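So, here's a batch of structures to check.
Below are two complexes that have subunit A in common, paired first with subunit B and then with subunit C.
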Partner chain A sequence: MTYDVNFGWTGTIGNVLLGATKADGGSREVSYRIGGGTTLPFLEKPVGVKSPLIAFEICDNPVYWSPIIRNYCGDLLDDLSGWTKAADKQYGVDLIRLYLTSTKQRNFSEMAAVGRAVETVLSSTGLPLVIEGSNEPRIDSEVFQKCGETGQGERLLLGTAEASRYRSIAAAALAYDHSVIAQSPIDINLAKQLNILLREIGVRHDHIVIDPYTGTLGYGFEYSYSAMERIRYSALKGDVDLAMPMICSAIDALTVKEVREADPVIQDEMAVTWEFYTGLAAAVAGAEILCVRHPKTIPMLRAALEGMQAGAGRAGTAGGQ
Partner chain B sequence: MTDVELAKQNGEELLKSKIATIKNPFSYEETAYHLPISFALTGLQVHDPEGASDVFIRMGSNPLVAAECILAEGTASGGKAPEPYTGFISDTVIRKLGYSLVDGSILGLALIVGRPCGPDAAAAICRELQEKYMLTFLAGDVVPILTGAGVKLGLDYRLIPLGPTPQYGIHFVDIIARVAVMFGGVTPGDTSRLLTYAAERAKAIVIVFPGLSDEDVALVDGMRVLGFPILSLDGYTGGEWIHTDAENIVRTGMEKKGIRVNVVAIPIPMGCSPAFEGKSIRKEEMYLEFGGGRSPAFEILRMRDPSEVKDGEITVIGPEVDQMREGSANPLGIVIDVAGKNMRKDYEPVLERRIHNFVNYGEGSWHVAQRDLIWVRISKEVVAKGIKIKHIGKLIASKFRMDFPQLLDAISVTLITDPEKILAAKKEAEAIYEERDARIKGMCDKETTTYYSCTLCQTFAPNHVCVITPERPALCGAISWLDGKIAYEISPSGANQPIERGTLINAETGEFEGVNKFVRKASHGEIDRCTLYSVMEYPMTCCGCFEAIALMLPEVNGIMVVNREFKGITPSGMSFSTLARTIGGGAQTPGFAGISKNYILSDRFLQGEGGIERLVWMPAQLKEELRRRLTQKLAEHGKPEFFEKIADENNATTIEELMTYLESVHHPALSMKPLM
Partner chain C sequence: MPTVTFLPSYRKIDVERGCTILDAAQRAGLNVNVICGGQGKCGKCVMFVQAGKTSFDLQKYFRFFNEDEIRRGACLACVTSVDGDIQVTIPESSLIQEQKILITREDLPIEFRPSVRKFYVQLQPPSLADPSPDLSRLLWGIQKSGGPVAEKMYAPLEVLREIPGILRHSDWKVTGTIALVPGGYRLIDLQENDTAMRLYGAAVDLGSTTIVVYLWDLVTGKVVGIASNYNKQISCGEDILARVNFARKNGLAKLQALAVESINTALTSAADNAGIDREDIYEVVIAGNTVMTHMLLGIDPAYMIAEPYVPVVRRALSVAASRIGIACNQNCGLFAFPAVSDFIGGDIIADILACGMAEREEISLMIDIGTNFEVVLGNREWMFSCAGAAGPALEGGEVLFGMRANPGAIEKVTIDPTTLAPAYTTINSAKPRGITGSGLIDLLAEMLVAGIIDRTGRINTGIENDRVRKGDHFPEFVVVWERETAIGKDIVITENDIKNLIMSKASVHAACVTLMKEAGVTRHEIATIYFAGAFGNYLDKKNATIIGIIPEIGIDHVRNIGNGAVAGANMALINRSKRKTLDEIAYKIAYIELNAEPSFMEEYTSSAFLPHTDLTLFPAVQEELEATRNHGKE
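And now, the complex of A and B:
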């Protein structure tokens, strides 16, 4: 039997480049090209593309981080450089995603510290970076300017643009040649609208990664899944305003009731299980970047993805079996 | 007096002869864009006299190119301009500056050149530019005059002194050239894209004080090619410059270039938010009221020539709140004058409808109805906080400004509370209402080939597509064809898109090739065909917002309509809510259609099923609501008696009773072609 895994689709998911190596004017040891899909995930192997990528999330002020990670990683959380190195060398991730949680402090104004945090992570790893800027519109302009400037030439992925606040991040992307994460609240139309707004301000489509907003498994993930599925269908049907790679981070996975209230003996296992299954489901829905916070989730996810990729492309072989 | 045209010609000659005298090589440091203007225009890297004259000739002896080369050579041989002047600005600073422009923390750029007679006018202009989030560059005598008067200069103050002579104004242009390449995706050498970018995206204006030399005039006038308005104060005549006075110069320049300051908060002593829209003000909470049959009141929005509208002006003619007795009914005329490059007379009624929303946004202001039927109340609570009539004007003006920035450049509001003066003004308004009615009434589907879609509800009904025509408003009743058209003009990538109806497939049901094609795409391939005037065949999809539902009753060979307000069971055996659940969510359900109430009055209503004679049942309340207009319509078509043949819940609640009633009145549907 022959299966046509292309379903007559005409669209292709656009490529986005993450990280710049020396040859491209940056200092990363690797860079990635993501996107390029022409059908649903795991049915094909796009050439020259590595995905889904696994990103490990860290932050510059661990006060705002999950106690589960604090328990597991210990003092590493207070050493941004060490944490970064561990993620790169020990945990074996593809990307580092830095949250500038320090900007959550009341009346935060230490822009120099923002620059230092980004520099620390840049100098501690050769992996491409995702940087999550401010959480406070008032300081967006300065924070993103600083992030953009510090990472100039490194082709960062900057987060997170929303319909109500995207100008600063777009400006940083334009001024210093970075890409942006465009987040919409589980809604295909708003996702498209934001991409159009970004395009109108001058951010090219190959500099945008869609964040459909990821609910945790059992806590709204089905909505995220549905939105992602529809975004991907529309893109494959030819809607270029939605034909971008997607990034998923189920940040609530570590705080859902089942994890929070779990017996301390199995709490770690519970957290990892929740992160793993949410991440895997997001990959099936089409995510190109999966973000996790627990180091133990990484090898599980890696193995599962490899298993699924092993079968990719078979069903569509011309002539069939 | 300097004659701009003569000075320019002379100045261009002078620049031409000067560029020929350049001898030494030159270059700017801290830039990757060489001589930015020459580089952006031609893609050539100019560093020596030969290169300079080559680009100058290629660009048709452009004075900007000449000025750039001459100043670059001058800087290379004579050194950078001394403090506080910046001279040539580095790429790093430009990147930050461009960042602020994209980010919106700077709205636009201004260049000021020349010699103001005294510091006051110049300082006032600079202050206004600062207040309006413009980044201002200064070149020439204006700098020492400002610093002499104690005005602080520097990037932090958004006032940047480029250099001691107006010729340094060329840096203003090299900054924009670099912004275009860095942020605008302009490839160096792509002259036409550069010019388009400068004209359309670069929000730049030039303000000229007296005292420019001929060369300076040639330089400044050369910037017109980039689409920058050149605004001059005393001392210049002729040419294409805009001559104005110090008081209006910033506003005029910003208007010309379409730079708009966004209002963020409305400075009145009460809260304003859509959150307050639903609240009402009961009699005992009310301090004052206007209209509602108790006193004369009306509202009107008129388009005016820009010269007649002073933006932000609020005038109250007659007594204010503190001169009115608590609990009294007072006259109120709301007259809104608007002007805007993109404003059109057709938009007046649509914008006028927004007054209703805006007044209701006020925490303590309430508004119902429209035109000369309005009824407005102000609560005791906000009067105690200091609300005046003029604040209502301020609220309306600010909201229009916020919601229609592309459409309106200026808004002024006049509020008439004088009992004598309102009568004359009201009469004038009434004449305009009549004119408008005549204009809109005539519009029918045949007159245009462009309809509008509405996919606003796709957020919850993912495949739903409304097709809005002049004779068929959106099923929610809130968006007419004109609204759709305006919404598209205001937001070209929004939920209302034009649909070219294309080739006719079926005149009766209103099926068009173009409409089908659009609906197929907009419904993500779910709906292949969609008729505009039929309930039975490929009706439009239904989101869930429909004002009423039209559905077939095969037993009586007719179609009934039930509106949302009707709570009972209809002859179909189902209530409105049950029906709504069945057909909503973006599905196409033959035999059922979501409609607006006004559509019942349209000549296209039920056209596919043979016309309004198919209508067999409607709730009594809806019948009452439509009575006057529907009987008039029926009379026009020579069937005045038909209205009474439409049954309601008073004569039929079941299908059997309905049949009996229809037979007793000889309802025409009974003898029409079978529905199924």
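And now, the complex of A and C:
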């Protein structure tokens, strides 16, 4: 018995290029063209696109990072270059996502340090980069400007634009040809509205990745799932303002009550399990990029995704293009 | 007794010492604007004392006036008492402005067929040869003069008792008044001699803020007097909910009496202005919302304001006007419009009647916007309705410089896309004091087109222009610089104002879409959108579409019907067959409870964007926005 796995849909998820290799004017060893889907995840044979990608999240000031990661990775957290290298070579991720947590300090103004952090990560890995700027409107513009400038030519993915603050990030993305993460609070209409706003100030659709906002499994993920599913359905039915790849980062996976209050002996395992299942659920909901913080989650997630892809036909092709 | 002379009309009235100027003005038949019900709160009844002695606490009400006004002897009429002969000037702005009222339409002329008619008859006195009873003689006479068939008419006991005396005293020359009532034709009055030319009827819009009365000559079919008056119930609560709660606590009697008094005041001034006797008013037709109608009739409205929101009665009611205290002929009939639910009342049925949507094959969408809004979608076969809270923003409330449509209110705005300088007009061309609902809608549309705000209504503070500022609490746009205003400060619109406006417009649009989905109708199938109520009168239809209050169907298909409640009441008064259709219309309308509609929130969120998240619903707006933006980039 055969199915039409496209269910008569005519829409295609748009492509977004992450990272630029030498051929594209950058210095990345690999780049990914994500998106391109024409049906729900794991239903179609891979179209030469590695998906979903796994991104490993790091930061430039680990004071703000989970003690669980500190316990596992140790001093690596204080060595941005070493941490990046470990992620790339040891943990085997596809992308590095750098959080500029240093900008959270009161009255932060060291833009040169922002540039240096981005520089360090770029020079420590050949993987494409996702960079999270500040969360402070006062310095937003400068931080994004600095990131954009430092990563010029590398086709970064800059985060995170929201309806209330998207102009400065968009300005940096437009000036230096980077892409943008567009985050809205678990609502298909708000997701679409932000994409329209970004388009109207010049950010092209192939430079936008949707962040539907992900709550951890058991802490709102069912809403995220529903919003993602609806976003994807609309896109496949032809709504181009929603036809972008999605990124999911369930950052509270390491801080939920069950992990926080777990017996110290199993706390690490509990954190990994929570992160793994949330990531896997996000993949099923249609995410093209899954972000994790615990190194041990990565191989588990990789194996599970490969298993599911095998079910769809054959294993996904190796990354790169 | 002191005499109060009102200028510029030189209308005079004698009042007792200590009476307020407001009372004097109302007794003189002037329709003073008193939103607060005469409590000195709204500052709308400003008058200028030219000569004579009055008592007014200027210090207490200082905030309502500017220096110039104080120099000219300004006072608030509702809290100023008359201490001797005085002369008072009433500025135009303190009188209730006549609303644009649609009475007849070219495409639907109203046939003049009132339900009350008078017949003058000269009867042969009875004799042994013709000993038929007085009543038969009278009714036969009426039939012969063109009245209904004698057998179909009946006379109530009160009239029967009068017949023998009147017939003989008048030497058998009498005028009978016949009314078509639910039970048939009824002889409601008998007068000596020929009074057939003295037959009047009143159409009343019983609003919770204002009462409007149209007095018709039911012989010639002409309007002879119009009056409006505030609803005195305001002293028991500003909004309907407050008044129902007042009734729960203190009983219904006071509210009932105040409603009647308000109607009587308006009726009296209309009759006085027209120079007619209230005794010659034989019919009163009332269109009011469900709670107002209940209160007027003394029916307990308490069960309507809590779940499951049940009114006592929906159908149209005919009662004797004298039974509730309406001051007109003692046999005058009163007809109250039917309702659909507690939220869709007789005023909305009157709107429907006025716009004619219930008579046509094509589909219409009718929207009545105030603090609450009502939407009706349908045609002669089916109708859906819903109601909701729009919030006060569209009327100028909850907006920093929002105001009602009073002099000095900015009512139209355009913005130069290059300099961002607004051009505006104000009511009565007075120096600007604030922005009225229509002005706010213009502003929103123009700011969107000029790129000052984005589609979520956020101000682009990156724009380098003096008018775009960070503001104390929210980013803001300066509409009028201080030096041009009458209030001594910059008139601005803030991002928060814009957010409130967008929330209001989103609820109205989401309600429209909810009904459309319920009926399976797309915007292409809607032939006409009608705006009822004062709000629609001043509205720029194009801008209303640009910001997406209403579905985009082309501005040529959007029409204002003005005060549809009084227009509908007028139609029901002068044409009895219209009245017959009302219950039918009311029963045909299905009421959709938006709170119980799971998709409403979803529609609301997608409508909370300019004009809408689904841009394909607004293709012309989208085209225009893109054109202006591309033009800007060149």
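Structural remarks
We adopt the following convention: the second predicted complex is superposed on the first by the 311 of 321 C-alpha atoms of A that agree within 3 Å, B and C clash if a C-alpha of one lies under 4 Å from a C-alpha of the other, contacts with A are read in each partner's own complex, and residues count from 1 in each chain.
Operating definition for what follows: a residue touches a chain if its C-beta (ideal position, glycine included) is under 8 Å from a C-beta of that chain, and two chains touch if they have at least 3 such contacts.
Everything numeric here is computed off the predicted structure, so don't read it as measured data.
Steric overlap between subunit B and subunit C is present once the structures are superposed on subunit A.
In the superposition on chain A, A:Q145 makes contact with subunit B only, while subunit C stays out of contact range. Touch criterion met: A:A172 reaches subunit B, while subunit C stays clear of it. By the touch criterion defined above, A:Y233 reaches subunit B but does not reach subunit C.
By the touch criterion defined above, A:A304 reaches neither subunit B nor subunit C. When the two complexes are overlaid on their common chain A, residue A:N189 makes contact with subunit B and with subunit C alike. Ranked by how many residues of subunit A each touches, subunit B and subunit C are led by B. In the superposition on chain A, A:A163 contacts subunit C only, with no contact to subunit B. Clashing C-alpha atoms between subunit C and subunit B turn up only in stretch 63-71, chosen from 63-71, 225-233 or 261-269, once the structures are aligned on chain A. According to the touch criterion, the shared surface of subunit A, contacted by subunit B in one complex and subunit C in the other, consists of residues 167, 187, 189-190, 193, 196, 200-201.
Taken together, the subunit A residues at the contact with subunit B in this complex read 141, 144-145, 148-149, 167-168, 170-172, 174-176, 187-190, 193, 196, 200-202, 204, 230, 233-234, 237.
Put simply, subunit C touches subunit A in their complex at residues 454-456, 458, 460, 462, 602, 605-606, 609, 613, 615, 629. Partner subunit C is touched in their complex by these residues of subunit A: 163-164, 167, 187, 189-190, 192-193, 196-197, 200-201, 241. Residues 95-96, 98-105, 182-185, 455, 458-459, 462, 493, 495, 524-525 of subunit B are the ones touching subunit A in the complex.
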